[in-house]
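Structure first, then comments.
Each chain gets a letter, A, B, C and D, in the order it is written, and its residues are counted from 1.
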Amino acid sequence: MEDRGVALEVEDLTVAYSDQPVLWDIDLVVQAGDKMAIVGPNGAGKSTLIKAAMGLVPSVAGEVRVFGRPFAKGRGEIAYVPQRSSLEWDFPTDVLDVVTMGTYGSLGWFRRPGAAERDRARKALDEVTMGAFERRPIAQLSGGQQQRVLLARALVQEAPILMLDEPFQGVDAPTEQAIVAVLDRLSDDGKTVIVVHHDLQTVPEYFDSVLLLNVRAIESGPVGDVFTEENLRLTFGGRVGVLAQLAEAETGH
Amino acid sequence: MDFLGDYTLRIVALGSGVLGAAAGALGCFAYLRRQSLVGDALSHAALPGIALVFLLTGSKAPLPIMIGAALAGWIATLAVRLVVRRSRVPYDSALGMALAVFFGFGLVLLTLIQKRPDAAQAGLESFLFGQAASLLREDVVVMSALGAACLVVLALLWKEFKLLSFDTEFGESLGRPMRRLDGLFTLLLVVAVVIGLRTVGVVLMSAMVVAPAAAARQVTDRLAPMVIIAAAIGVFSGVTGAVLSSVIPHLPTGPTIVLVLSTVVVISLVFAPKRGLLWRWIRLGRLQPAAALDPVLMHLYALSLQHPEEPDHGHGLAVLRTMSPTGADLERVIGDLEARGLVSAVGEGLWAPTPIGRREAERNLDREGEVGS
Amino acid sequence: MTTKLQLLILVFALATVIGCGGGHQADQVQGPLRVVATTSIVGDLARSIGGDVIELDTLMGAGVDPHLYKPSAGDVRVMASAQMIVYSGLHLEGKMTEVLAEMGTRGVETVEVASCVPAESLLAVEGYDTLHDPHVWFDVGLWQHAAACLRDALIRVDPENANGYQERGDAVITEFADLDVWVRERVAALPENRRILVTAHDAFSYFGRAYGMEVRGLLGVSTAAEAGTGDVQALAAFIADRGLPAVFIESSVPPRYVEALTEAVVARGGDVLIGGSLYSDALGSPGGPAETYVGTVRANVDTIVGALSGAGQ
Amino acid sequence: MSPELEILAIAVVTAVAAALPGTYLVLRRTAMVSDAISHAILPGIVVAFFLTQNLNSPVLLVAAAATGVFTVVLIEALIRSRLVPEDASIGIVFPAMFSIGVILISRHASNVHLDTDAVLLGELAYAPFQRLTVGAVDLGPTALWSMGTILLVNAVLIILAWKELKLATVDASLAALLGFQPLVVHYGLMTMVSVTAVGAFDAVGSILVVALMIAPPATAYLLAERLGPMMGLAVAVAAAAATMGWAAAMALDVSIAGSIATACGAVFAVSFLLAPRRGLVAQARRRSGQRLDFAVRMLLVHLLHHEGTPEATEECREDGLHSHLGWRESWTKRVVGKAKQRALVEESGELVLPTDTGRHLGNDAVIGFSD
C-alpha cells in the first residue's frame, strides 16, 4: 500500500476501569485511506480503544494525534458511530432529525440546521438506502435500520476519519451489505475507516488492515501479513471455535 | 360568571399558566433524561439551606431563604451527579439518598434552631412553600421573566439539549462541553423548581415537571411538538384548575391542577393514537403484530423449553393464565397468534409454539437482552 | 436447604433476644418536682403556678409551632425522668398528645389542660362532634380553668408545697380574670362593624366567641389543607363589602396568603392593610413584651384593636 | 432497658428491616418508591378517618399500609405498560394520590388536625413511651414489637424466596423463561416494601425510612459484588449507621431521625471515597500506580533498546535518562527507584542496566503480550 500519510496515531494509550487495565500501552498507526478492523475477544477493550481515542473515556496515559496534530485540535476530523444499543431509541425524534445531528458539529452554537443541512442529511440517508424512512420515528426502526441511520449521521459529518463501534452487531444481511458498500466507497474516496468488528470470517473480505487486540495490541498491519493463525492464537488464547472460524475463513477466500 | 374580570382568578390562572408552560417545556427534557423526580428531591433537599440561612441571618426574609434553598438543592444535584458518574450507584438511588440525607441534616439543624429562644423561627420550614391560591402579582412577574428566560435558553441551545438527552456521547465526540451543558440544564431546572416551590408548593411543582411531558410523549414522536404540547398541557391544566377551584367552593387550587394534569395523562395513555392502551387493545383484536402478544408467546416458549426433547409438548390456557395474571383475553390472543402462524394446537386445548414462533420469541429475547445491557 | 434452615433459625433466635427487651421504670429520685411542659404557653402557666419549687422543662421554646415540633434526643431523657407532664391537648401537639395520654395510664402524672375546660364550653370541629378546636387559651376566661386544673394537680402530686401552689394558682386566676375584663373592654371599644378578625389560619375561634368578634380564616387547622381560588375570592369580597381596614398575619404562617388576600381586596377597590403579626400557637421571644401568656394576649389585642380602630372611613 | 437504649434497639431493628427490601429497590432502580409512598398514603388515611371519625384508630394505620400497596401496584402497572419510564411513573402517581388526600381534607376536614404526621407517630423520640402491655406486664415499646415482626417476616420471606427474588430482580425475562412468575414475585416484593415503609413511618418517620431503605444498600453496592454479601453488608451498614446517628443525636441533643439519616449519608460518603476497589481514592491511587508501573516498563524498554549499542553510555546514564525519555527529573528518579526496588534494574557506575528479570519483563513489553 502506498504511503498516504498517517491519519491516526495512538501512542502508549493505557485505560483502566476499576482495577483491571482495559487497555495496556497501545501503540497504533493508521494510514490515511485504510480500512481497519479492530478484532479481539470479548473484554479485550475494542470499544474502549476507540472511545479512549475519541476522549470519551479517560485514559491513564497516552497520546492521540490526528493527522499529526494533537487530538484536541483534530477532533473535528473524526466521525463516531456508537454502538446501537448504547442509545435511547425511545427518544421522540425521527430518522432525518437524527441524521441531521451530524451537521451540528459544523453548525456551531445557537445556529439551527436549515434546508442545506437537511439536504446533506437526505443524501446520506439515500446512500444507506434509508431515503424512504426520513419521517419514520426512530422507535419504529429495526436494528439494521437503526444502524444505517447512525452510519448516515456519521457520513453527514464529512470527516476524513470514521470510527464505528460494532456496526454489524445483530443486523440483517441487506444492512450488512449496505454498510460494507458505504465503507468501501469511503475508503475509495481516501477516507480512513476504523471498525470494531467481531466476526473473524469477514475480516479479510471487508478490511485491508487489522489490529489484533487483547488488552494489549498484539499486532497490527495489513490483513495479509497480520491475520495469521499464530497471531490469532495469541489474541484469542487458542480458544476452540476461533481457529475453526479462521479455517473456514481461509477456505472461503 | 366573569372569569377574567376577577383579579384573584386572573393572577392565579396567569401564574399557574406561566409556570405550567415553563415547567412543561423544561420537564420534557427532564422526563427524557430520567430526571422526573428532581422536583420532589429538591423540595426536601432545600431544608438545610433554609435552616442555615436562618441560623446565619436570624430572619425569614424570602429572598435569602430562597437562595439558601436553591443552593442546597444545587449542591444536592451536584452530589448526585458526582456519585452517579464516579460509582455504580444508579441515579434514582443517588437522588433518593440525597433527598433523605439532606432533609435529615436539615432536621438536625432545625432541632438546633428550636433550642434558640427566638420567636422569629415560627413556621420556618413551611416558609418556603406556597400554595397556588395565594399567588401574588409579584410572583407572576418573576415567573414570567424567569419562564421566558428558560424558554429562550431552551430555544438557543435546542440542539445541544437534544444531544444531551438523546446521545451525550455523540455530543462529546463533536467536541461539545456536554458536562457543562448538563450543569446548565440542571441549574435551569433547580431555579424553576425552587420558584415553583415558593409559589405553588411541592406537589404541584413535582407534577408540573412530569405529567405534561408524560402526556405529550404519548401523542407525538418528535421532540419539538412534544415540548410545545407539554407546555400547552401545562397552561391548560393551570388555567382549568384555577377556574375550577374558583367556581367550586373549598376546592384547593394546587391539588385541583394536579388532578386535571393527571386526567390529561390518563386520557393520553388510553387514547393516544398508535401508542395508547385503547389502540393496543384494538390491534389485539385485529390480527396486527403487537407487542402485547409477545408475553403470551414468550410464556409458551418458556414452557416449551422445559421439554427440550419434545418440541410439540402442548400447554393449556390455565397454565398461561397463571403466568400472566393481567386479565388479558387469552383465547383471543392465542387465536391471533395461531392466525399468524406463531403457535399451533397440538391437542385438545393444548398449544405449542411453531418453529416460526420460536424464532420470533428468540428474537424478542435478543432484543430485551440488548436493551438491558 | 440446610443453609436456609440455619438462616431461619438464626432469624428466630435473634427475634427472641430482641423480644426480651423488658420494661423500665422512671427512677424515683428525691428533690424538687420535675415537671415537663410541651408548648411555651403551657410552660408559662406551669412556671407561674409552680414557681421556683418545681424543676420545669418546656420542650417547645418561643416561636415553635406545636404542629411542626421536632423533638431532639434530649427530650427523651427529659420525658422519661418527668414526674409530671403538662400538655395542652385536644390534639394540638399532634401524635404527641396520644403518647402523653398513654403515659398517663402508666403511672406518670399527666395533665391535659385544655380538657379541664368544661366540655360544653369547647368548640366542636364542624362536622365532628368528638373532635374539638384546641386553641382554648385565646379565651382568657376558659384558660382560668386550665390554671385551676394545673394548680390542683400540683397540690395532689406534691402536697408538701401545697400552700405555694394554692397561693400562686389563685393569683394567676385573678390575673387572668383581670385580663379577661381588659380584653373585653378593649374589643368593646371597637365600633361593632369593625369587630371582624381575618387571619391566615383558623386559630381564633375561642377568641371570637368570647369577645364578640367575627372570625374568618383562609386556611384550616390541618397543615395539609390548601385554600382554593374561590376561598380567596370569597374572603376578599367579604372584606371589601364590610370595608374592613385591616387583616392580620401570624408569626408561624407565611405572610403570602394574607398578602394575596389584601391584593385581591385592593383590586376590588377596597382599602385594607396588614394590621400586624399575631402570636398564635407560641409565645414571643424571651425579654420581649410577649414573653409571657399575659403579655402575648395583650400584644395580640393591642395589635388587633389598634389596626381595626385606626385608619379607614 | 432505659428509653435511650430502647430507641437504639428500635432504630437498629427498623434499619435492618428497611435495608432488606431496600436492597432490591436499589437494584431495581425504583428507590424513589419509598419516598413516593410517604406522600401517597394520605388519601387512605383521610378516608379511614372519615369512616372512624377518630385520629387515633389503628384502622388509619392499616388503611395507610393498604394505600401504600395500592400505590406501588399503580406505579408498577404504569411501568409495565411501557408507555412511561420508571421515574415518571412514580412522579405521576404520587402527586395525584396526595392531591386527592389534600382535596378531601380541605373540603371536609380542614379544621381537623389531620395529616400524615398527625396520624403516624413518625418520631423515634416518642417511641419508648408507647408501650405494649399485657395485663400488668410491660413488654416494651410497641414500635419494637411492630418493627421486630416486620423484620422477622421480611427475613423469612427473603430467605424462602431468595432465588425467585434474585432472578426477578436481576433479569426478569430470564425469570420468566425459567418458569418463575416475576409478576407474582414482584408484587410480593412491592407489598413487602410498602408494609415495611408504612410500619417504619409510624416507628421512625418518613424521611428516615427513605434514608434507611436506600443509603445502606447503596453503600453495600459499592463494596459487594454479589447479592448475598450485598444484602449482608447493607444490614450491617444500616445497623452501624443507626447506632452512630443515635450516639451523635444523644451527644448533641438533636433530632434522632435527622441524625441517623445524616449518619447514613456520612457512611455512604466515606465508602464512596474510601471503598477498597470502587472508592474515589482507590481509583486515583490506581491511576497513579498504573502510571508508575507503566513508566517502569517504558524505562525497561528504553534500556533494552539501547543495551549493548554504542550510544548506551549516553542513553542509559542515570542523570541523563529524564531528557531522553522526556520525563521530569523527579518523576524519573521515582521510576528508577521503583525499578530498583523491584530488582528490575541495577546500577553499574553511572549507568542503569536491566537485571535478568527486568530484561524478561522488558522483552514481554516489546512483544506486547504477557497475559
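By definition in this document, a residue touches a chain if its C-beta (ideal position, glycine included) is under 8 Å from a C-beta of that chain, and two chains touch if they have at least 3 such contacts.
What you see is a predicted model, and the numbers here were worked out from it, not measured in a lab.
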Comparison of B-C and B-D by number of C-beta pairs in contact, larger one: B-D
Distance between chain centroids, defined by C-alpha means - chain A, chain C (Å): 72
Whole-Å separation of chain centres (CA-atom averages), chain C against chain D: 41
Centre-of-Cα separation between chain D and chain B, whole angstrom: 23
Touching two or more other chains - residue numbers and ranges from chain D: 102, 106, 110, 249, 252-255, 258-259, 278
Chain A residues counted as touching two or more neighbouring chains: none
Two or more partner chains touched - positions in chain B: 107, 110-111, 115, 217, 250-252, 254-256
Touch-based graph of the chains, sorted into line, ring, star, complete or other: other
Pairs of chains, among all present, that meet the touch criterion: A-B, A-D, B-C, B-D, C-D
Contacting residues of chain D [partner chain A, same complex]: 277-278, 282, 286-287, 290-291, 294, 297-298, 365, 368-371
In the complex with chain B, residue positions of chain D that touch it: 25-26, 29-32, 34-36, 39, 78, 81-88, 90-92, 94-96, 98-100, 102-103, 106-107, 110, 171, 173, 176-179, 181, 183-184, 207-208, 210-211, 213-215, 217-218, 221-222, 249, 252-255, 257-262, 264-265, 268, 272, 278, 280, 283
Chain C partner contacts - residues on chain D that touch it in the complex: 1-4, 6-7, 9, 13, 42, 53-56, 101-102, 105-106, 108-123, 125-126, 128-131, 133, 137-141, 144-145, 148, 151-152, 155-156, 159-160, 162, 246, 249-250, 252-256, 258-259
Contacting residues of chain B [partner chain A, same complex]: 32, 156-160, 162-163, 165-167, 169-176, 217, 220-223, 226, 366-367, 370-371, 373
Residues of chain C defined as touching chain D within the complex: 4, 7-8, 11-12, 15, 18-19, 21-24, 67, 70-77, 79-80, 91-92, 94-96, 98-100, 102-103, 106, 125-128, 130-131, 133-134, 202, 219-228
